[in-house]
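First the structure, which I've put down as structure tokens, then a few questions once you've had a look.
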Amino acid sequence: MFAFTVRRVAQAVLVMLIISLIGFSIKHNFGDPVRELVGERVTPQERQQIRDQLGLNDPFMVQYGRFLKSAVHGDLGRSFFFKKPVTEVILAKAPATLELVFCASLIVILLSVPLGIYSAIHPRRLLSRLIMGVSIVGVSMPVFLTAILLIYIFSVELGWLPSFGRGETVQLFGFWDSGLLTRDGLRHLLMPSVALSSIMLPLFIRLIRSEMMEVLETEYVKFAWAKGLRPRRVWYVHAFKNTLLPVITVGGVQLGIMVAFTILTETVFQWQGMGSMFIESVERADTALMVSYIVVVGFIFVVVNTLVDLIYGLVNPTVRIAGRK
Amino acid sequence: MKRMIVRLSLVLAVTLVAWGTSVNAATLKLAMDADPVSLDPHVQLSAGMLQYAHMVFDPLVRWSKDGGLEPRLAEKWEQINPTTTRFYLRKGVKFHSGNELSADDVVFTLARLKKSEDYKGLFEYFTEAKAVDSHTVDLITREPYGLVLAMATYIFPLDHKFYSGKDEQNGKMKDVIIKTDYSFANFNESGTGPFKVTGREQGVKTTFVRFGDYWDPNTGNVSEIILTPISEPPTRVAALLSGDVDFIMPVPPTDLERVKKTDGLQLVTMSGSRIITFQLNQKRRPEFANAKVRQAMAYAYNNVGVAKKIMKGFATPAAQNSPRGYQGHNAALQPRYDLARAKELMKEAGYEKGFSCTMIAPNNRYVNDAKIAQAFVTMMSKIKIKVTLKTMPKAQYWDQYDAQVADIQMIGWHSDTEDSANFFEYLNMCPDKETGRGQYNSGNYCNPEVDRLTLAANGETDNAKRSVMLRSIEQILFDDAAFIPLHWQNLSWASKKNMNTEEIINVMNFPYFGDLNIQ
Amino acid sequence: MEKLLAINKLSVDFTLRESTLRAVNKVSLSLDRGERLGIVGESGAGKSVLGFSIINLISKPGRIAEGSVIFQGEEISAYSYEQMRRVRGDRISMIFQDPMMTLNPVLTIGEQMRESLKAHMEVSTAQANEICLEKLRKVYIPSPEKRLEQYPHEFSGGMRQRIIIAISLLTNPAMIIADEPTTALDVTIQAEIMELLLELCETEQMGLILITHDLAVVSQVTQRIAVMYAGTIVELGRTEDIITHPQHPYTIGLLGALPQRAGSSGRLNQIPGVMPGLARIPRGCPFKNRCSLAAEICATKPHLRKSSSGSEAACHMVGTEQSTAA
Amino acid sequence: MINFLRRLRSSDFSYYFFRDPIALVSFAVLLVLVVAAFSAPLIAPHNPYDPTTIDIMDSELPPAWAAEGSRNFLLGTDDMGRGMFSTMLYGMRISIIIGLGAVLLQAMIGIVVGLLSGYIKRLDSILMRIADVQLSFSTYMIAIFIGATFQMVFGVANYEKIAAPLLILIIGLAEWPQYARTVRASVLAERQKEYIEAARVIGLSKVRIMWRHILPNTLSPVLVISTVQVANAIMSEAALSFLGLGMPQNKPSLGSLITSGFEYIFSGSWWITIFPGILLVTLILVINLLGDWVRDYLNPKLYKG
């Protein structure tokens, strides 16, 4: 366990180093941050002065070194736009994104498991074909189109759900702005989560279905039938538990990727999370925030990967975390 | 007993209804494309910050709807000598902090404006403000200057007591202007305006509450404004259509019809003063140095069609920089779309067979910018000029613009002084790094006559004479086809029907929310 | 003796494309209480399908096309799904070929045993554990208490097959169908497992159908043998009769292929050719293409007939002189 | 050739194919779409790439059957005055090219990385970490990076010419880890099989074992995910357009057509969004349906027991 932890931490550090290096080397391609800070009539000379003050004219390695040095102390720099430390900005925005991803994952898991199982057990039934058909159509819809259609139908035409933002939030633990605890917050969460889950849900249904169908053909499932077990037991315990293994590895990673893929959903729904923050920081060339976002997303990704491995170890008795390669 | 219950419930019902309506009537949910970047009005000169300033601060004078000026914190003013204008301040005006407005605040504010990177250019002609007594102040310019009053619309007096002293959080003075980091002024405000900022989550929501001690009693009834930035136009429209917000600005042209047709909503549009142009770089491309080619291109461009089709009538086709109402507006100059004439000119210029060139345009800076550029490409192909276009987000665009990487570049300009000379200074005068003139003249058009006339107009205080000069400049630019003028972008606001939206908006796009009345 | 199991003219079809393949063709068999029967044949002869068809557990797209299975006097082939489920693993247990694949890797041995009990009777977990431990002891698993909470991957192949046998014993079934129970195991362990199976059948008075391709194994364990070829039974009789006096040319060939029967010549006798795929079974006698005795009469289908040795054989040539040749 | 056709007709493949109406219809639709897309210059009534034929005054005409429609433009025109029908055909061609090109690139990188990391233990953790890093970068970030680099190299104004290859490169580079992971997983499964052991024992070289023995066995999962990937690639391109980084306005793909129609959702010009939307969804749908069918076919275990 100790070795595992050490390895993971080392890995996380490496991943974040690489990401920050890439982030740093590309940041000048996003435009000049100073340009976004000043009105149009400020002269180029004045802009140069501001750049000098901000250290933006220093050589690449000097800037990167400075970044690393303060990063060690937990300071990822300052957001020009928000005029605050980026860690503060990201911390304030993270709950929105994480809650969105959480709800979308919840939808994905709660729906894909029963639907996937059903269509694996009864592959020939009409309903299964319907599930597969709809999931294929779901896969074929671009997220932003889904999102805007949802808004059009449920907000504009029917007026049932709010069209943007997070609604009423409650602060937990002094820093976590949660929309999960108020009715209004949950109403606001609904459509963005559905839109975000619309990409992953069909993939999960199909994944679970195909894995489950494979498992259903194995000897141990056949043996379970021969033991005269009730179908529920065979399907939900014998088959499903084994289906979970590949689903956890593939699916866990997918859910982790979802954090990086909230960008489109957040933009359309004006969801004030890290994704829209990133888009805006790109538009404003707020480089420190941009680089930190990529680093944080990389970090979340490593964390999710580690969690996936841990859960996999819990479900799969043949794997003992301590002894894992 | 029974009667009492009835009466009680009646009272209760009435209170509830009253409570309900009063809340509804007085809270405005407002969605804009962006929210103020700071609480410090001097940190950036932009439309968004000025819109904010009009909510939380008050200027000395402000533009009225008809383009005139109306007194705000200055009750009256007079010019006491060619370089000095005296302003008499309103008495009994309170800042949000409780301090009372005095001449010192104006002195402090002008001094601070001259320190601001963004504003010091605008206030370059001003040397200082001098307090004559507690409520009288003189603004002094370095030389006679025709735009003192126009500039006074930018002077939003700040509470100098509130902004002085040392801030504990960063150990700096409270009035320091910092663009990229914490400063006291970035996160605290004390103005005299109709609203106080009570809550702000940048990029998410800003809450404004009516200032109880506001000096002007004859204003609107909005007690609270919740401002949410919604950058995606369709989402912004959806929020209005679904009733999630009461007021949006701007309205994307594609949805104007939809908003107009929706029951319970009102759409207000107004022709604006931001000119959109294409600049033809004569240094990069020798063909563009030929006036005939430039004229041909101007003739080949169908401003009216674009304004009608792409802009949905949401733009006024232009043949010059100055919009109607500006001193330099030359009514004789009209859009000149004429394809036959264009082809003829190309032939005369010796480019009958056409040529190829490159073009860049932003895709999120102006209304429909990328589409307009695309339409331009199509139109130029009719006179055999093959244009290769690249559009990009504005964050990347301006660096490319400055570097003049393409032969044709798009730029829009709004005159901060609401005056024609401002266009010429930045867009049409010969580029000069020293003076900063022609800073946004990527066409490198250079005509000494234009330079001379512009400088002369700036020193001219006689409006009639000035107007003649400015109009003749527009004529020269038109005849030379110095650039391709497209249109002036219209302004648009949409809101629920139950408010006097029409009365609070103006051509500067500074809605005076303090005057908004919701029924 | 009371018949434990009677299979009457049972056919199993696999529907593929337009054609229908008959994997088991009108097979009739019976088993007495406590009797042990071996079903022998090459792979693809349909013996496994026959075994599974008894408890109606044929993989799709196979199905019982005709015939019936009568078990303890009840026609179980006509049972509903739920009725059949109650038979499976309760009165009739199965042992599968590969112990490495048969146990669910993510469930403990205890779970896999207890569930089998709970599917058929009302027992508390404690009671179930008791029964499990008892059966594990019966198959000689050391320290079964500890083993109960372990996962399959912590056991060797032989141990796993013992556990599977223990599972099959849990409900004291009247009959066990063992489908190649030792094929996947090491030779030394094969013998142990067979011995265990034999011992258990004798002490518990269980019927056993042992499906295998290995004549040597059946000869040690079973009382009767059915030899299958291409979906039909070609010879059926008491073990010693068939081993010592095989009648059908195919049985003769099978026995000739055994090393210990090769005799002085020192060479193994092979049956020429390969068993035809189900789609290419010839009309008449299915073996005729490989048979050295094939004659014109073999174009008609032979039926099982009593032969001189006491076993029944489906061959037109049995009883003639040539049959004892070779 | 005739022989081949005959063999194909009698094969299982074609047997099952012709028995499955969904596969048959999907294939027919896909064929029609692909043929239509690639013969766009022949069958499209207008050439949306030729600006001289476009008139801004024709913009936003409704389909021909509507009251204000023009006979010239069957499915109406877009905001630029291009005929929707022709523009969609050309757009579909670009979408298909980008989709296929990107998937080809992804598959190439992914298969090589997957094989190496599945077969050579020393490389495994390094390569998979690289894949991890890659996955945590979204396509958008890659697009910005590569886009900016290309602009520097080729000059901003030439974007139009390099847009399609650039997008192939971006989407190809952004989404290869899916392939690498899939291939690696099946290599790991395959490596344990006896025949690989046998091949190693008889002394076949690693390259040969990988190429001739392991690779063919990883192809069916590759084929199966390829369909999803083609769909994803086309949608990634659309998403990039949505963020202003896709095909330029004058050479629109289906994705960027939908995106530009995005603005028209609430206006009344529904045809600008709906037609390309339907076409894109149909295209991806039939690809996915065929992919499903191929998966079922390649995994006959599921049906044949």
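By written order: A, B, C and D. Residues from 1 in each chain.
Basically, contacts are C-beta pairs under 8 Å (C-beta built on N, C-alpha and C of every residue); 3 or more make two chains touch, one makes a residue touch a chain.
Computed from a predicted structure; not experimentally measured.
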| item | value |
| --- | --- |
| Pair exhibiting more inter-chain C-beta contacts, A-C or A-B | A-B |
| Centroid-based (C-alpha) most distant chain relative to subunit D | C |
| Separation of subunit C from subunit D, taking each centre as the mean of its C-alpha atoms, in whole Å | 52 |
| Whole-Å separation of chain centres (CA-atom averages), subunit A against subunit B | 38 |
| Approximate Å spacing (C-alpha centroids) for the pair subunit A, subunit D | 24 |
| Where subunit D touches two or more other chains at once, by residue number | 148, 262, 265-266, 305 |
| Numbers and ranges of subunit C residues touching at least 2 other chains | 59 |
| Shared-contact residues (touching 2 or more other chains) in subunit A | 29-30, 148, 152, 156, 217, 267, 282 |
| Residue numbers on subunit A that touch subunit B, as the complex places them | 29-32, 35-46, 50, 54, 78, 80-84, 92, 148, 151-152, 155-156, 159, 162-166, 267-270, 272, 276-277, 280, 282-285 |
| In the complex with subunit A, residue positions of subunit B that touch it | 31, 37-38, 44-46, 117-118, 121-122, 178-183, 186-187, 201-205, 228-232, 234-235, 238-239, 241-244, 364, 393-399, 402, 413, 416, 426, 433, 436, 439-440 |
| Residue ranges of subunit D in contact with subunit B within the complex | 50-52, 54-57, 59-60, 79-81, 148, 155-161, 244, 248-250, 262-269 |
| Partner subunit D, residues of subunit B touching it in the complex | 233-234, 237-238, 241, 252, 254-255, 257-258, 302, 305-306, 309-310, 358-360, 363-364, 370-371, 373-375, 377-382, 388-393, 396, 400, 405-407 |
| Residue ranges of subunit A in contact with subunit D within the complex | 11, 14-15, 18-19, 22, 26, 29-30, 132, 136-137, 139-145, 148, 152, 156, 203, 210, 213-214, 217, 250, 253, 256-257, 260-261, 263-264, 267, 279, 282, 294, 297-298, 300-302, 305, 325 |
